[in-house]
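As written, the chains take the letters A, B, C, D, E and F, and residue 1 is the first residue of each chain.
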Amino acid sequence: MPVVVTDIVRPDPAAVATLERHGVATVHEAQGRTGLMTSALRPLFRPVCIAGPAITCEVPPGDNWSLHVAVEQCQAGDVLVVSPTSPCEDGYFGDLLATSLQARGVKGLIINAGVRDIASLTELRFPVWSKAVYARGCIRETPGSINIRIVCAGAVVEPGDVIVADDDGVCVVPLARAIEVAAKADARAASEEMRRVRFQNGELGLDIYDMRQKLREKGLVYRRQQDA
Amino acid sequence: MPVVVTDIVRPDPAAVATLERHGVATVHEAQGRTGLMTSALRPLFRPVCIAGPAITCEVPPGDNWSLHVAVEQCQAGDVLVVSPTSPCEDGYFGDLLATSLQARGVKGLIINAGVRDIASLTELRFPVWSKAVYARGCIRETPGSINIRIVCAGAVVEPGDVIVADDDGVCVVPLARAIEVAAKADARAASEEMRRVRFQNGELGLDIYDMRQKLREKGLVYRRQQDA
Amino acid sequence: MPVVVTDIVRPDPAAVATLERHGVATVHEAQGRTGLMTSALRPLFRPVCIAGPAITCEVPPGDNWSLHVAVEQCQAGDVLVVSPTSPCEDGYFGDLLATSLQARGVKGLIINAGVRDIASLTELRFPVWSKAVYARGCIRETPGSINIRIVCAGAVVEPGDVIVADDDGVCVVPLARAIEVAAKADARAASEEMRRVRFQNGELGLDIYDMRQKLREKGLVYRRQQDA
Amino acid sequence: MPVVVTDIVRPDPAAVATLERHGVATVHEAQGRTGLMTSALRPLFRPVCIAGPAITCEVPPGDNWSLHVAVEQCQAGDVLVVSPTSPCEDGYFGDLLATSLQARGVKGLIINAGVRDIASLTELRFPVWSKAVYARGCIRETPGSINIRIVCAGAVVEPGDVIVADDDGVCVVPLARAIEVAAKADARAASEEMRRVRFQNGELGLDIYDMRQKLREKGLVYRRQQDA
Amino acid sequence: MPVVVTDIVRPDPAAVATLERHGVATVHEAQGRTGLMTSALRPLFRPVCIAGPAITCEVPPGDNWSLHVAVEQCQAGDVLVVSPTSPCEDGYFGDLLATSLQARGVKGLIINAGVRDIASLTELRFPVWSKAVYARGCIRETPGSINIRIVCAGAVVEPGDVIVADDDGVCVVPLARAIEVAAKADARAASEEMRRVRFQNGELGLDIYDMRQKLREKGLVYRRQQDA
Amino acid sequence: MPVVVTDIVRPDPAAVATLERHGVATVHEAQGRTGLMTSALRPLFRPVCIAGPAITCEVPPGDNWSLHVAVEQCQAGDVLVVSPTSPCEDGYFGDLLATSLQARGVKGLIINAGVRDIASLTELRFPVWSKAVYARGCIRETPGSINIRIVCAGAVVEPGDVIVADDDGVCVVPLARAIEVAAKADARAASEEMRRVRFQNGELGLDIYDMRQKLREKGLVYRRQQDA
């Protein structure tokens, strides 16, 4: 039975802003290397970085009717996350839907399927991560569900989870962990910043991370070519 | 027996110009969602949009001899469409062949195989849609055929069919339908334009397309989280 | 037993410079169509073209510890070539390692796996060819080997071999053949240059390469549509 | 932090037996077309059909240490479900682990990665669904977690959910719905059985499902070749 | 507009029988290496070999309504050929439809999509070539067309063309060429039979095909290891 | 320049026999997890296990002329290893070539491309590992080289190296290491045999390999569901 859940809880806006500032790689590390979507999802243009609460949308293959239903559930700052119930690369999304989402202040689209009109989407600077570009349009015969738990490109997404997406891909931060992960991402970025300066000065990771002894213990040996 | 057909019929130039103006997504819808090549064909650079009559070229795997034969059959405004008889991603096409086609006024290349010298092709702004970039060159041992019916990336192409290609991919419009599809594309684009304004003003697709009643009939229900 | 070989021989710098000037497609032809990595390896940004001696690095799946070991073996002008022992698209490499390699004057990275922080890598203009972009980071539990013979994306790479990489992909020139191949690439480029002028002037490959007689002998026939 | 949850709840054994009797296609329909893993998971031998409570196991790429931890949590009748945190086709599982699971009465293995020793696994008749066969073994450096929620081949699996697996693939039935879905599968199978007899007697689906009128309404027309 | 063409012409039964006896590889050679579907289509069980006139069926992604329409158009000896308008691996076909086709004497199914109930299909010995096995069922919302020209797995199929399918894959012989190709296949098989005896007796292809002189002319040299 | 090397050195027959007895997974471990071809190569039928010295054969895409040249270089007990210079899935090999190799006592074929006539190959019980089954035949225009170093499916193969191939895939043992690896495989198999008995008796890997303490040190914790 298709359903639309209308009153989802959204995460703390400050946490979302922090997560957006740090981007996917840092956030993914900060939450213990979880929540990543597969590498099949790629942005239409680069550089790009967004974060926002997920509005989830489960769709039948080749049927984008529910995207129009989903738009109404989106608020400014949200990210729409769309996943078909079976693999599909049809073009679910084009410039009219992008115009509609932009008019509501939606930050971007994550879709484990295809999109089209990408010249317009790029010109509009509307951020999209998709697994294909494909001009084949969809039908409108079967409603899907909005704001239920979905699996999108290998990751579980609950409505209201924070989506972080940039040039590296897409990561999901569970709603309940948004503040904690934002704090950890801050800490991680700060320590990375200090290390960056040392790397710029020519120091080696072997020394910065104090690896030499541990490598020796694991059996790593150095030798000259002629000694083989 | 390899053959070159030398006197193909070309479509109405005004229809071709119209199709080029509308691009792949609109044209594909206008002709009833047919004629699309697979999403494996991607342009070398973006944005790009061309249309023109197809010169078809069927080639053996790893052998690009026939491309030189095909060049002679191309006129200004044509689009060369190349498909190997078995899957291959060798670099059939590079800067010399692009120079040769540009000298004749050819608008672009569609190839269900690989190309190379893409830095030069990009600098020349010669439009190419291919399924791979691969530097491995070809041999010249076995002739293929020019201007026969071919299957390219899942679509049937007859010589003289209109090829429309842009950032979204590649679409084939049968020669006999060019004028009709151009007219339908005009109509479709006009109605889309009106809808775009409504979307920009924040109206919802649910209302623009009058979907609410039909969704209810299909069983879509709205509920609050706590009522689950 | 993991090993680091510390004293590899490097190729003639003039030969490397020549190979870099000609790029992958020409070099690959000049050495008899050998040494190409698969088309799965793509550059992060374009246009780009580098050449340099290979520092090789074999890594376990999901473990990038050895990249830090490899950095110390790199000199200015080198190219780091990394291949996992089983297929993996984890993000082995990001902005800190890029900063470290840039600080040493390393020219680029070739990796048959994933990378991350690609917005930073692009901004740093640090050239990278990878098979995936994926934010999932690596562990540091198991050392790999540096400067042993490896297979990377289908090509054999010995330490000190010349890596040539550009928009078209990646090619390996064996150390012992660097000077010979550079000379052949010079010759090939010169003859291509002369042909390019003829193509620009509208001459056909059929005539430039004197193909008409040979095509006839292979059975190619020309006919008009209505004679079919 | 890796964790092992030791006291999971298991589903009603009668419901499990019913689900096993009906197999994946029927169960998947019975629960509203949800819960299917991707088609990448294939059985090592056919025919095969099992069902049982899931013991879940999340593993690092290339590291099968946790499988030994998972074995201890398995009881007779369970199904072990293993998913790596990033894509990997290494051989996590071979004949010794199969022997160990068989000794405990475990019904089979679902793994979104590779397995090896498949000649032995086949001879032992130990049911395995995997996405690859690959002889490369794993290391034992990093523990994963047992009996946490995982995503395996596109489906969410909670410990204790019923796994149904046969020649068609793998389906997950949530623990809380096992009895309800088993009942629906019974009903569905009964009505299919009646229809099967009608199909065997040469009746058409057009009539059995009373489709002719609805097809006409959707615009389907019949015509003779010469009337085109 | 979806259409069903009801009066297709079928090929000469004797030619069909001959093509079935020779199988895909021989028939494909006999008609000049054309008409092969891609290697993605694989049989559910082996060995298997069929031939028969094509009933074509074009379907929307995830919608198998038209298969029921197609069944009515099938006669004894026919082969049903199904292709979705965009890539899809849903299970369009299962044991009820197979029962229905078998009741009519249909010889098999070719489908560029998924099938399910494969344990039953195998037990029924109903021959199927598909690109996936996937339990996800289809909806019945949108009619497709029957007996129009389609592209299936890279090959053009007109209704009434002869489909030849065996362990090696699927080949299409145009209706108008069936008798000619059958005769050529007979001739080819006869000459292969004579050569097989020579190969069994230990003669080399180098001598049977008289290749040695031609290889020398192409530059092939023999040398001993130590002379390199 | 294509070349045939005629006097390759072959490995110790007793070592080959030992390697064949142990199979791919054990041999691969015994030589330190190296030498595996990718999982794309699959056997035509199962179970199957062979080992023998490699005769290597590098071929152009779509051209199998050199296979006839290679046959003459094969002796009883050899394994023919064929790799195209660019990716290709054409059917390089069928029943006539299999008959020719069987007449010489060749043990099997490894090919990183396609094969055909697989019903006959299966009936002949001629072992073949390929990456595709595809009926499209090859031309004979360009000679390749025999018994040079090649890369096949990601592994380096020198002529005379031992190929071990079974249901799990294909592994290459360097000629110089054959005796050493055979001895290590013997040792490994013996210790596995002892462990197998313990597993059969219901002992856990956790205890057999003494893992509990080490897992605790790595941070693994056990907890009950309700304590989360």
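The definition used in the following text is that a residue touches a chain if its C-beta (ideal position, glycine included) is under 8 Å from a C-beta of that chain, and two chains touch if they have at least 3 such contacts.
A quick note: this is a predicted structure, and the numbers were derived from the prediction, not measured.
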Common touching chains of subunit D and subunit B: A, C, E, F
Interface composition of copies subunit B and subunit E: same or different, split at half: same
Subunit C and subunit E, separation of their C-alpha mean positions in angstrom: 40
Subunit D and subunit F: spacing of chain centres that average the CA atoms, whole Å: 30
Centroid distance [mean C-alpha coordinates] between subunit D and subunit A, Å: 28
Multi-partner residues of subunit B (at least 2 other chains): 1, 33, 36, 85-87, 89, 134, 136, 142
Full enumeration of touching chain pairs: A-B, A-C, A-D, A-E, B-C, B-E, B-F, C-D, C-F, D-E, D-F, E-F
Subunit A residues touching subunit C - in the complex, by the definition given at the top: 23-25, 28-29, 33, 36, 39, 42, 46-47, 49, 166-169, 171, 192, 195-196, 199-202, 204-206, 209, 211, 215, 218-226, 228
Interfacial residue positions of subunit B with respect to subunit E in the complex: 1, 32-34, 36, 38, 85-87, 149, 151, 154-156
Residues of subunit A that touch subunit B when the two form their complex: 1-9, 65, 67-69, 71-72, 89, 91, 94-97, 99-100, 103-104, 114, 116-119, 122-123, 132-137, 140, 142-143
List of subunit A residues in touch with subunit E within their complex: 60-63, 85-90, 134, 136, 139, 141-142
